[in-house]
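The structure is given below, and queries will be raised subsequently.
By written order: A, B and C. Residues from 1 in each chain.
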Amino acid sequence: MKRLPIQGRTLGLLAVLLPLLGLFVYVAVRSGPLAPVPVTLATVEEHTLSPALFGIGTVEARYRYRIGPTVAGRVKRLEVQVGDRVRAGQLLGEMEPVDLEARLLAQAAALKRARAQLREAEAAHAYARSQALRYEKLLAAHTVSEEVVAGKRQERLLTGAALDGAREELVRVGAEQEALQAQRDNLQLVAPAAGLVTLRGADPGTTVVAGQAVVELIDTNSLWINVRFNQTEAQGLRAALPAGIVLRSRAGQRLAGQVLRVEPLADQVTEETLAKVSFARLPDPLPPLGELAEVTVSLPGLPSAPVIPNAAIQRVKGRLGVWQVSGGDLRFTPVELGVAGLDGRVQVRVGLRSGDRIVVYSARALSARSRITPVERLSGAGS
Amino acid sequence: MSGKGIRIEGLTKRYGRGDTAVDALKGVDMQVAPGEVVGLIGPSGSGKSTLLKCLGAVIEPTAGRMILGDEVIYDDGWRVGDLRALRRDRIGFVFQAPYLIPFLDVTDNVALLPMLAGQPNAESRRRALELLQGLDVQHRARAMPSQLSGGEQQRVAIARGLVNRPPVILADEPTAPLDSERALGVMRILNRMARRFETAIIVVTHDEKIIPTFRRIYHIRDGVTYEEAGQGRGFD
Amino acid sequence: MISLAGRDILHAWGKFVFTGIGLGLLIGVTLTMAGVYRGMVDDARVLLDNSGADLWVVQRDTLGPYAESSSLHDDVWRGVRGLPGVARVANVTYLTMQVRQGERDVRAMVTGITAGEPGLPGWPPRLVAGRQITRGHFEAVADVASGFKLGERIQIRRNAYRVVGLTRRMVSSSGDPMVFIPLRDAQEAQFLKDNEAIRQERRRTADNPAFNRPGVPGLLDAVINSQSSNPYVNAVLVQLAPGHAAATVADSIRRWKRLTVYTRPQMEEILVGKLIATSARQIGMFLVILAIVSAAIVAFIIYTLTLGKIREIAVLKLIGTRNRTIAALILQQAIALGVIGFAVGKITATFWAPVFPKYVLLLPLDSVIGFGAVVVICVLASVIAIRAALKVDPAEAIGG
């Protein structure tokens, strides 16, 4: 009974010091290099894998018409606006003829004059021929001298040449008029095919140079997507594969399509393979040209094989492999990987069998000597 | 453990040097036999404290002899080597205030001295308990000093002074804070213990209540002692 | 022999333990401070470890890519790949920027990683959840420190990315969480700031008569196109083939490609020696001051405890206690105080370390050194108290 005060003291001290000691030991063991590494494990499973390729591209039109004048000139009128649908052969607008009409009039006058000249030459030639004929007869009758007849013959030849010249001049002037006519016809901007106006490059009154597009048309039925695939991720890409298209403006909506062709030329600067993917059915409303699209090309399913999550793959001392757990031991197993799916699973060709246990996630770097504690989920990893 | 009491002859203590030198003790003679309790009485400044310190081997006297039991402690400037061990083993102290070590319980306060001298703990405690029993405080053996009454504390202090069976115990105003009944009680115990352990006890006091209990009294005045027979009969 | 120190502690354990806890908190701060420094160094190291590279090829005469900006053409890697001893190369971009998620804004080091398979240099070497990036665009692997969750959509500059994987301890040398995205996206993100900026840039170009010539219709488009592409990366990470020395391969890259190359030790020297040197010295100064303050506090505490016992010490001396015993009493108490303080400090440091916004790394070796230092400090601190105790005159006990 008399001992109690001391014991109370001792107990009190122990009550403080023992938890302190316990905490200290806990802290020393649970943190730092002595602590085991929490890991999550997975079992290698036989699984079929539907590999897929992922690329991004832009909506483009296969046929695109840039319509403009062949010579520099001023736009006179433009009938269509951006977004209008046009028929083949529809008049879209016209260029200002400027002095073309006057030149046509002048040309008409010149034509008339050429005709008149032709008639004059014809008349002169007919007269010279008849004169020559008469003097020939007279020469035969020896009523005129040889010399006079020679003069008449030369006259006939001269007027014949003049007539030829007048005829050619008429042809020339006629051709010139036709050329002017053609030019005037070309002032009309005509749709070469049915399509959608995508650009109105100049308004009436604007002067444009030859070759500059005044109106741009696309063939809406020819919309496709120009897709770029990373070369390392383009294995198995070929025409006619089904593709899923997600337009940027319609993020939740997956449109069907297929690979139309893989471009024979790759982009060697960006190290990308190009391919065209067409829509199975054109979306309505039409996506704007140039809109970004994510394209997932599904490759044919592969036969069942062992698959692992790609998070398990590590490179240790230059070798690709996974940390395998067998009988509580940890060892690094080099693997040879096959095809990877977009869902993060990778086929293993060599190195693992189905049923093997491997480390997927680890809180710290592992080594063959690491102690591990398998956990359901690493702390802080969220849901 | 008893010796032949304590004897001092011509003990002189000079403080300072040359012109400013002061002689606190001027040749004190004193003798206390084993089992005897003597009083040492003197006014302030009489050299009483200095004498006590010399007796307690805390300071060295300038000249004179001191013999403790059969061992010469001082002899005209010579002294034994280890005063500390001497204090520990051969002199018991009892103070005005008990000055118990507050963080040791009663037993260990008493047992501390033999422990410090290297005795095994169990043996030291056994001796302490024995003493405490003799002083009638064994029931507080595990208590801390702060839990004791003044009289009990003083008895524990006496036990501590006795534990090494020293030939001499120096008691400095041991009864000052106590009422007369308790003061007489302490004196009774001192007398009993002196006889039982054959110890010479010098009680420094100016407590009127207990002066009548001494058989022999040394008065000290101006550094000189005068012996006087007391009225007391020593609680026979 | 009886332990006077132990008995004294037992007697006044409340005072003693609380003093110890107070001292412990101070020691905890000191340990944490050391942990902050170690954390900074570790941040630099994990950045290098996680990049998985043996060599860093950067712009000539720069300290890139972490300590200084560096830019290389993104086809430089082809030439590097062909050199003997090079097993794998990968382009990489690093840019610290704001990453938005809903209403939140997180400062992160966005890392562009070359398309390929896990294990390439630059790729996050370990995940704690989710999967590695499989698509060439718009997927991200983020560090848990960013607070992003799996499946969340995050916005980096103009594009939204889906978080498909999470990492831990993937941070920049300044402790910002890393967010890994495909290289192409990262290049674009580095260059294309926001829509408004792009539009302004285009307008500026269009206003420049040199680029917008009436007679040359395609010129403006070509100029804008070339302006808005970014064929640059910050560094090329190189992994060596087995059996090739880093220094040799680095030399041949320097010599033949005329680029600056850093090996792992050089990179560490740059990060630890240059990037965080000032902060490290700052913390070092703090540590020294904390050590001095701790020492002073221990000294004060021990001294006060001793002064409180001066009477007892005088008695002890009078009754013949050796100086050694009294010194041991004080010394043992000082060390006991230090031990309690150290335990409390270690515990508190460990528990509050994860709460710190930046990484606090408590190395066991630091703890051992810290323990040694605490004991030494306590011993030194008790010297004053011991001197005071030894000076006590045993005569004081005799009312004199």
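Heads up, the rule we're going with is that a contact is a pair of C-beta atoms (placed from the backbone, for glycine too) under 8 Å apart; a residue touches a chain by one contact, two chains touch by 3 or more.
In this text the structure is predicted, and so the values were computed from the model without any measurement.
Asks: Among all chains, which one's averaged Cα position is nearest the averaged Cα position of every protein chain shown?
Replies: C
Asks: So which one's got more C-beta contacts, B-C or A-C?
Replies: Answer by contact count: A-C.
Asks: Centre to centre, by mean C-alpha position, how many angstrom separate chain A and chain B?
Replies: Their C-alpha centroids are separated by 113 Å.
Asks: Whole-Å distance, chain B centre to chain C centre, using C-alpha means?
Replies: Using C-alpha averages as centres, the distance is 68 Å.
Asks: Averaging over Cα atoms per chain, report the distance between chain A and chain C in Å.
Replies: 46
Asks: What parts of chain A, by residue number, touch at least two of the other chains?
Replies: In chain A, no residue touches two or more other chains.
Asks: By residue number and range, which residues of chain C touch two or more other chains?
Replies: Only 10-11 qualify.
Asks: Which residues of chain B are in contact with two or more other chains?
Replies: Each of 144 in chain B touches at least two other chains.
Asks: Within the complex, which stretch of chain A touches chain C?
Replies: 9-10, 12-13, 16-17, 20-21, 23-24, 27-28, 31-34, 54-56, 209, 211-213, 229-230, 232-233, 269-270, 294, 309-311, 313-315, 317-318, 320, 337, 340-344, 346, 360-365, 377-378, 380-383
Asks: Can you check the complex and tell me which residues of chain C touch chain B?
Replies: Where chain C meets chain B, its residues are 1-2, 4, 7-8, 10-12, 311-312, 315-322, 325, 393-395, 397-400.
Asks: Show me the residue ranges of chain C that touch chain A in the complex, using the header's touch definition.
Replies: 9-11, 13-14, 17, 49, 52, 75, 87, 115-120, 125-132, 134-138, 144, 149-150, 164-166, 168-169, 184, 214-215, 217, 231, 239-242, 340, 343-344, 346-347, 350-351, 362-364, 367
Asks: In the complex, go through chain B and note every residue touching chain C.
Replies: Counting only chain B, the residues touching chain C are 49-50, 52-53, 56, 58-59, 84-89, 93, 95-96, 99, 101-104, 108, 111-113, 115-118, 121, 144, 160, 170, 172-173.
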